[in-house]
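In the two complexes that follow, chain A is the common piece, with chain B as its partner first and chain C second.
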Partner chain A sequence: MNNAQSAAAFEFEGVTKIFGSVTANSDVSFSVESGTIHGVVGENGAGKSTIMKILYGMYHPDGGTILVQGKPVRFKSSHDAISLGIGMVHQHFMLVPTLTVWQNVVLGMEPKKWNLNRNNSITELNNIKCQFGFQVDLHARISDLTVGQQQQVEILKLLYRKAEILILDEPTAVLTPQEVDVLLERLKNLRDLGKTVVFISHKLREILSFTENVTIMRHGKVVETLPTSGLTESSLAEKMVGRKLRALPVRKPVDTARSPRLSIDNLCVEKDGQAKLSNVSFDVRPGEIIGIAGVDGNGQHELVQVLMNVARDYEGKVLLDGKPLRECRTYELKQKGLAVVPPDRLKEAVVTDFCIRENYILGHHWEKEFVSHGTFQMPKIQAAVKSALETFDVRPREPEWPMSGLSGGNQQKVVLAREFARPVELLVAAQPTRGVDIGAIEFIHARFIQKRDEGASIVLVSTELEEILQLSDRILVLYEGKIQGQCLRKDATEEKLGLWMTGGQQ
Partner chain B sequence: MTAKTRRIAETKSAVGGCIFALLLGTFILAVSGENPTLLFEALSNSIFTGFGLGYTLFYATPLIFTGLSVAVCFRCGLFNIGAEGQLYMGALGILLVSLLLPNAPAIAAIPLGILSAALLGGLWGAIAGVLKAKRGSHEVIVTILLNFVALYIVNYLILYPLDDPTTQKPESLPLGAGYAMPLLSEIGLTVFDTTPVNTSLFVAIATALVIRFLLKSTPFGFEMRSVGYSSSASRIAGISVGRQTILAFVISGILAGMVGLNDVQGYHHKIIEGFSPQYGFTGIAVALLARNNPVGILFAALLFGTLHNGARDLEFLSDKVTKELAYVIQAVLIAAVAAPRFGETLFGWLRRGGKKPA
Partner chain C sequence: MIELLASTLRLATPLIFAAMGGLFCERAGVATICLEGVMLTGAWAAATATYFTQDPYIGICAGLVAGVLTMWLHALLAVQSKADAIVSGVAVNLFATGITPLLNKIFFGGTANTPSLSLDQRLSNVPIPGLEQIPFLGPLLFDQPFLIYLGLLTPFAVAYVIYRTAFGLRILAAGDGPKALATAGVSPTRVRWMAFAVGGALASLGGTYLAISHASQFTRDMTAGRGYIALTALIFGKWKPVPTLFACLFFGFFDALQIRLQSSSIGGFSVPVQFIQMLPYVAALVLLAGFIGRAEPPLAIGKDDR
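Right after this comes the complex of A and B.
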């Protein structure tokens, strides 16, 4: 396959894709060299995923040409793309959780016989595993694997289908820092063995650290394709956003004399006989951001569930303004100024089948400003939604637009617009910028600081150390359900937090 | 895709399904050696003659109620297969209140009948709701089983303690005279003379509009739809998922129970054993075809009423078409109409000018 050095593995020439009234890609042209790792960066909604789905045969272009190994191609479906050696790992994995690893890999490629030739495919898979250095048990059930391992299975699937070009859509968004390192090593290995890797991301550090070339996209168009060497994080970010990034505003100092608004005392949560949280105690004052750091799965989920007032089965005290949280109805808490940004946006924060307007009132749908005589006041709701979309710069600014049709960043902005529409006393935010692009992250962070300065108490749970270090006034690290360490932000270093996150002591 | 374009696409697919159903129906007639145009004759009789339309509307009325019953649960993410049982319990409610107060004048008796039908239907629905919300029992299994329980409770009551001793037929004591819903022919619509269509049709239409308002314009309906789409997001938004589950089943039970207005209060004036030709199950198809839209259900019920009546008519018009074959054709029509993909395929094919997809 890889006969000519630096030959193009594939090439886009003026590719355009239109969805209804939205132009997702317009006149996209760039080429990717064989045997390289090629980054594609851009904000959410910039058209990165769309152009790659066109290459993978999932969408048909409305104009332009695609060349694979120098020959123009037209794909009817992704089957055609697969047969030309193109494979894609999607943001959301396409695995059957109840089947085993090898069953998932073989699924859709079963030999056309009455019985699956199980041993042959297993031998072949073992060869692939050895060749590319994968470590995953072929007979393990998918539901028993970690997210990182599931991703390995997705890549194995591509290799089993003899893919030469591997497209990965935001592969690191769901991984822990350690898993990211493993993945990046593995991709470098694949490149060294002659595969071409296309890596879609908006995490600039990853792009800079291991891609050869990078294509920057904005508003459906290609801004530039250039070699990665010589680029810096800030130069790349500016090209991507199209302007200089603003620094976070200077904040007021925390008023340590004020009594805490939220106080947690010896909180213990048990699930199926396992301690998920043990003796967690901390206070949050008004105008203070407490950052909860830690590797995913160390009790953050349970803590957030308690603070969102969804889990009420726990020991210890959780007091909001001196009143036990679980004795309050969630609805009343929301009226009093509880705002939540749940970690799983699609499952917990929004109803994807609702339109923007309906999502904007969700949780506040009994509020007097929206309802009179038991009936929704549509004109008032419409006006409120329109002005919120304006303030939070949500695109499109169309209250009736289905939530599922928004990019992740815009969905998160709708969530914030809803939660910040009223005075905020306590904000519980978990992974508020997961899967969100730089422009939106900047926006969300600025809003958090603004609310803090207005006197909100904020509990920020995040696995992104950078985010924790940027926003928090005080940092706690959760490890195996306990607070492993805590410090003020000015005393925190990545090394110190990293040590606590892995269970080390000072 | 916005809500509007989606609605257009859904309407197209429903219309396409109807066309496909008619083609299939004529094909079956042709195969059975009958003149295929007879199907069109039977169907047009069911709509364009006063007599036929009267019967069509009479069959459509209960389907509006059961269609709404299924749709309300669907909107809350629940599958109510129990409308058949709930409608029998509603009918029982009417009978019981009439036996209790046999001499109530019409002005009191008709609302009493409606309320007791709603009460018993709603209580029967509540069983499934409570079991789902409190014990996690699957509503499909519970409602299927409750159908049998309801049917046989009603059968036992009308065949033994409440049996009409003056006749050999399997039917209950008659209702008090005041409980009869007036026939449309009695309120001046002479075009419907000798047909059983009655004023419960208006109740059904009004109910559909009320349900539409409830789902669309009230916070209560909003919560119900929210739970239907995402119970996890609803819970975090402070909505009680269990309460909505129970209420959805209560409302569904009330709606199904109101079938008795048409068949018991409106026509037979007593409960006849097995009076429902599976209205509860056809209601599932009605709700599916209408995509759970209350106003759409009015039209879907009219369509299914036409099919039901047309199939019966076919049997009279032809000596080759037996009752069984008529039901086969009806079932095929329902299946084709309810399968949305036929419509999409058909319109796609027409748009491309009869060519295969590219």
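Right after this comes the complex of A and C.
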């Protein structure tokens, strides 16, 4: 490593940021070497995004100094940051869905004001695409692109603006494992071309696998900045959470003598003439967790839709306690003890514009405990929500707080609090920890085990192998709509499951 | 038949201007039901200025100023103060129906109308050399006040601005993804104020045309719902300039037809004139309800995080 490379791309010196009564960042100091990939880890609410938004000029620091290329800077807005070569990809993409890729990229920095010469921009963008190895159709509409492709567009936007420092806020949270690999390769490539990449994440494995240095944050402060090599997942997790992680509780063995609660026999689902699920059969007993592993898009979506009783157009039998599921009304199932954690939290599990209280009673809003004579019993509802927030450690503990103002982990906890408020017979959970920080994952997993031990049947659909291996009693792997393989937890290895996930046989 | 076409053109022109004005505002992400009010103040200002100066071109300028100011009132409420755009639009319409007779009373002593303009004070016809020589067709279609030609050209100019300029791209972004626009370093509020200026100016031309070209004076509530028809045409044209032009021509045609049919009778039974007059509106309803499929408005319309 020569001198030019080891120079700091930017540096924070005692930066503090206060929102009202909350100190989001206090006395944050660290520096990032030019031409490296630098990880910033911490739980949700640790202040990682805030400090980076300060660097991007979106927030103004209340104290401290920021140095870019060794010179102190004061940004009035993101505009100033952009002109100094700093770019940021936000967790929620900032793209206009109805416009095309090239239009989104040039927006705000159009080459000619009165004649947006398509061809000029296209040539320039094609050059950038070639140089950095991007593959995305410049004429495609954003709304037609996958999430991974949209992320490419966001990075393309930064490169078009000649960004030298690229900040990515939780870039892998929304991606499938394959897309993550592509992204990581791309970022390494950018680093090799001399760019500085700041990677905000709470996925430790990613941080360990490809960053040079990592800054660990907790409660708005920097715990430590150190080289990544030599760190292990557990040492990093401990520094991040500030304590040793609890091991999952020892669980009761599955009582194989009990008859299955959920029984699926030759389930077939077709969509647009394509078989999405073919001849899927499995049983779930009380007190058992069935893990459904597989690469996203191999029939998990359809299976979950059937189990949530949303999709009713299928062949085969799905029986809950011996009764066909689709003959039941969904509210009857809820009363019988069906709990659901849908894969897309924001679309299927909560109403983001509602507050916590409203989301908490959603689906049970007609029940006697909340309603009398056609009106809500506010004091009762308030009390129920408050105690649920306490039990599930949701922050803030404010029933009137808007759902959209919660972190992913806290949103998911509200969903769990609602679903677990009544006795659970069957829990269908899909991607329950997607976009959720370590502390919350630990919490959610412990709750699942607790429900299992209380006798609930659980179907856990997840693309995270680690999660499947930790929680399941039995594991099924879906590949192209078929069960490619199944085994008991004790016989499962990552290699074996990985083979099944890609269509291999044993 | 040619007379009917010429009449279609004359009746479509105010709709085209108003709809193009509305297009700018709505594509920038703000519902704009106040086209009616903007046309009305434009019409009054144009008629009044023309009466005092004897010059219809000064009248047009006065109409533009009034139109921009009226639309900016909507901007002040709906863009700057983030009031509900529908409520703000209704307020602007009510304001216009009130302020025009009031000003008229102050200037001319009566609320009903401005003094009528003599023929040479109105916008004169501008024959297009060559084309106006065509027998029958020529004098009817190519010997018209210039606002009619301008009306026909405007949608193409609007299409260029919207689809091919940086300003247009920013308007589209303000309408479909204001947050993305803001992170790209451009203020959606600013873009909307500018879009409203253009929109107000265009919509005012619709009123101006009515007052000093189509008629010879401003009369109270003379726009008679044309602002709403223009809005319908805009939806019918799916917020796209050229399809909207055709929608305006379509409504203009039904309006012309309605006027022709007023004196007609079916088998000796004379149809009440009120029924005939309903024709353009019935056409609008039928089309919106049944034929155009789903029209997707700009995404930011009706969102409070504008």
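What to note about this one:
Note that in this section the second predicted complex is superposed on the first by the 483 of 506 C-alpha atoms of A that agree within 3 Å, B and C clash if a C-alpha of one lies under 4 Å from a C-alpha of the other, contacts with A are read in each partner's own complex, and residues count from 1 in each chain.
Everything below uses one rule, namely that a contact is a pair of C-beta atoms (placed from the backbone, for glycine too) under 8 Å apart; a residue touches a chain by one contact, two chains touch by 3 or more.
As the structure is a prediction and not an experimental result, all values here were calculated from the model.
By the document's definition of touching, neither partner reaches A:Arg74: not chain B, not chain C.
In the superposition on chain A, contact of A:Val96 is made with chain C only, not with chain B. In the overlay built on the shared chain, the residue A:Gly108 is in contact with chain C alone; chain B does not reach it. Put simply, more of the residues of chain A are touched by B, taking chain B and chain C as the two choices.
Touch criterion met: A:His365 reaches chain B, while chain C stays clear of it.
Legend: residue contacts after superposition of the two complexes on their common chain; A:Thr375 is shown touching chain B, with no touch to chain C. Note for the complex: chain A touches chain C at residues 77-79, 82, 90, 94-99, 103-104, 106-110, 112-116, 157. On chain A, the positions that touch chain B within their shared complex are 20, 308-310, 329-331, 333-334, 340, 342, 344, 347-355, 358, 361-363, 365-366, 370-371, 374-376, 378, 400-402, 405.
Looking at the complex, you find that chain B touches chain A at residues 1-3, 5, 217-220, 222-223, 225-226, 229-230, 232-239. Of all residues in chain C, only 164-170, 172-173, 176-177, 179-181, 183-186, 299 touch chain A in the complex they form.
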